[in-house]
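Each structure below appears as structure tokens.
One chain, chain A, appears in both complexes that follow, with chain B as partner in the first and chain C in the second.
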Partner chain A sequence: MNSSKERRKVIKAGGGIGLLGLLAAAGLLPAGEALAQQQWNSGAFGTRNLADAVKALGGTPPTENKAIQITAPDIAENGLVVPVSVTSDIPKTESIAILVEKNPNLLSAVFEIPNGTDPFVSTRVKLAESTDVYALVKADGKYYFLKKEIKVTLGGCGG
Partner chain B sequence: MTDPMRIRAVAKDGKVDVRVLMSHEMETGQRKDSKGVIVPAWHIQTVTATYAGRTVLSAQWGPSVSKNPFLNFRFLGGKPGEKVSITWTDNRGEKRTDDAAITAG
Partner chain C sequence: MTQDRRDFLRMIAAAAAAGLPLAQAEAAAAAGDGRFYDVPRFGNVSLLHFTDCHAQLLPLWFREPNVNLGVGVGRNRAPHLVGEVLLEAFGLRPGTREAYAFTSLDFSHVARSFGKVGGFAHLATLVKRLRASRPASLLLDGGDTWQGSATALWSRGQDMIEATRLLGVDIMTAHWEFTYGQDRVKEIVEKELAGKTEFLAQNIETRDFGDPVFKAWTMRELGGVPVAVIGQAFPYSPIANPRYLMADWTFGIQEERLQKYVDEARAKGAAVVVLLSHNGMDVDLKLATRVRGIDVILGGHTHDGVPKALEISNAGGKTVVTNAGSNGKFLAVMDIEVKGARMTGYRYKLLPVFSRLLPADNDMQQLIVRNRAPHAAKLSEKLAVTEGLLYRRGNFNGTFDQVMLDALMTVKGADLAFSPGFRWGTSILPGEAITFEHVMDQTAITYPYTTLTEMSGETIKSVLEDVCDNLFNPDPYYQQGGDMVRVGGMTYACEPGAKMGARISDLRLKGEPIVASKLYKVAGWAPVAEGAQGEPAWDILSQYLRDKKTLAPPRLNLPRLIGVEGNAGIAP
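Right after this comes the complex of A and B.
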């Protein structure tokens, strides 16, 4: 039972590319080693626009998809702490990324969603100024996004 | 020395809802100190959550995740009394792992 589950994971990992493939490949290793193998993708975190970020994550150009939900305030009083939740209703969601368009570096966070984990994450991010926030979802090898505008009264950078 | 995470894992309707509050500066590398010198970036880069030997969530973070990061996610399975373990590593190579027992919802 358990080993067949592992096998499925391995097969899935074989289909991955770029960063996600790399992380998935780490899944080939026993749990303990996999943790140590998880690498931070400095390339993706240095990107400054959505197209580059997706490319660095190893993906094809994303399409907008309303099956993604972003829960965040319309107006954030403090750009330093803005709660953002993303839920994906797209089947076979594999990863969820949060990107902030007008931050110095676009990519905030990438979450890998293994089988058995809800396609939902909630965290808090910094926004430099009023901006569009993107949720980028990878599902069944394809990329989808949804954006939401958040107005910031006090920026989260500098100071 | 790093401070412990606060982890709450609650089993409800066949799922475990995990909320984590980490203690970390999450310095962006954009800010200047009073002398005008840029404060170097110092932030959590990877987060891994494990339950019963399998990874239930893994994440990579940039410096734009807020100071003292909050994280909420849910996974299937898990019974009260079992453990959920969270590990983070930052860009200075610091690493911290904390466990929490799942409680009944």
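Right after this comes the complex of A and C.
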């Protein structure tokens, strides 16, 4: 498969920026927590990282997978603390990451899932505005994702 | 019965006097006599349902909307039908009392012909009649019961608790109830309602440990048939209303938990599973495609008076979805046939409560009068006379909202004003006096503060975009119910079918474009932020009306709509 064609397809599927960050994150996952931490904070998730990210993935970008479940509110009650849980039913799940498309730092959390552990994680993320939230799962060396829109609203006016 | 016959004869006489041919007069009168409420019983289990009465204990006027646009899958589908299209879709005839109840057509005129609607004393009579022929029945209250009137606010819901207890409500769920604060709600549920009314909400849990706050569901034996009722409170209460009033609780739609309860109810032998819902009809219609095993969703929140039930298919079979209007104007009757431990058929009727056709129930009348007595003088103060029809409902504005906006701008000295798109609030006919009670019908909330804020043009646009998405997001799960924020002083264009952030354009103040970076003085009320202060909205509105004495018909400030041609949710 032509890699630039594949890339275009991925960008389309993921909706631009969100997927760029997603790919970057995916590429960095295997690098270990310390390195990951350093890389996330560098804020270098611009377009120029896309090629690197795809390369780091060995040319196989993450695919959407419904065996991942994201449990999170459709509309956040409080954008400062939004509960997000992720379950992966994909066999041999090794790690789960949570990424927020519109946050300045895309990556909110990475969880390593040791062998024999339930692939279920739960945390709270901070959202400034309505955004897609991605769950990225590494399983058996491959990457999968699922996204969910969480709306952050001014509130009021209902009823 | 004698009274009904008297009514009948009087109507015949009046019609004949008016020159109607006798046959026609008889037909007209027959449609309006006591037999209107002779609903033949069907099946073996019955559910009576009312919702969103907004604490309206007395008969009232309530004009339904002529703008209730549907987007996405909701376009041109109930509940997003208004006026003549609605009548046609449900087989109702123009000019009838049903047309008066379900639409806004010729409202000021037909209202006088058919009289006021609702009133708990009249509702009580209807409930008693229907239950007399339906021993295996439940009376269900969908919530928004404790808020919406002066007496409810001043008694912190107490007058409504007494009225619903007397009415014989078996089960309820809630939304605006929470705006009295979580402690008051708990106090009422544990002390006032215990042993009388079950308060159900499967979708509320504690913010810290995720413990259930209320009972999620209940099983009732009705004539030997086990019927499960699950409660669904308004999922976005802490967003649409102040979160600090329910700070320890978290809500949401909670589909997975709901599915678990449905399955649990079935496993325990429920022949019929009912969801008593305050989701809003669009959310219920989506939920019915996704959750399996619910027979009936009796819905509220969006105040949609939908004459028939809609049947929705899902992986588990079919779910019947209803919405029963607001303000005590309707009582829904869902008769269910159960054979072989499952629902095999139903008959649904949404009965308008015509106060003239139903004598007041004595006990209920006495209770209402007793609870009003200490406030009667204050409530009946006449502030002004209105020359035009005052109402609130409609996606973008209502004449009563316009009065509120005019009052806010005048009293606060603002460039423009915002008023929330609440769907409650009674109507007033041309020529009638506006009393302080009417003002409270529009403003009786626990956070009535009026505010004056400096906002940039950019912020003003983002506020409009935000609220507009709560109304017109094509995915109902991202809608909050309620209508568009009402805007005074500023004109704008709105394209409901556009994407979030692109619906609002052409914002102008006195014809001049709003500048993104410029600051404007914006008046508003009902802030959801904690610590907000300001003169209560009812004082501002009363002051404005007292100064006016005679209120000319308000000039509605409506946005220029884009892309709504062919949408059946808008009528003249």
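What we mean here is this: the second predicted complex is superposed on the first by the 93 of 159 C-alpha atoms of A that agree within 3 Å, B and C clash if a C-alpha of one lies under 4 Å from a C-alpha of the other, contacts with A are read in each partner's own complex, and residues count from 1 in each chain.
We take it that contacts are C-beta pairs under 8 Å (C-beta built on N, C-alpha and C of every residue); 3 or more make two chains touch, one makes a residue touch a chain.
From a predicted model like this one, the values you see are computed outputs, not experimental measurements.
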Discussion item. Output check: A:110 vs chain B and chain C. Expected answer is one of first, second, both, neither. What do you get?
Written reply: first
Worksheet item: With both structures placed on chain A, which of the two partners, chain B or chain C, ends up touching more residues of chain A?
Response: B
Item to complete: Figure out whether A:126 sits in contact with chain B (first) or chain C (second), or with both, or with neither.
Response: first
Worksheet, complete the sentence: Contacts of chain A common to chain B and chain C in the A-superposed view 83, 156-159
Practice prompt. Can you check the complex and tell me which residues of chain C touch chain A?
Written response: 144, 175-176, 234, 236, 238-241, 243, 250-253, 256, 301, 420-424, 463, 466-467, 469-470, 473, 477-478, 480-482, 485, 500, 526-528
Discussion item. For the complex, give me every residue of chain B touching chain A.
Written reply: 15, 28, 30-32, 45-46, 48, 50, 53-67, 69-77, 87, 91
Worksheet item: For chain A, which residues count as touching chain B in their complex?
Response: 23, 27, 31, 34-35, 38-41, 44-45, 80-83, 85, 100, 103-105, 107-114, 116-118, 120-126, 156-159
Worksheet item: Across the complex, what residues on chain A touch chain C?
Response: 71, 73-78, 83, 130, 149, 151, 153-159
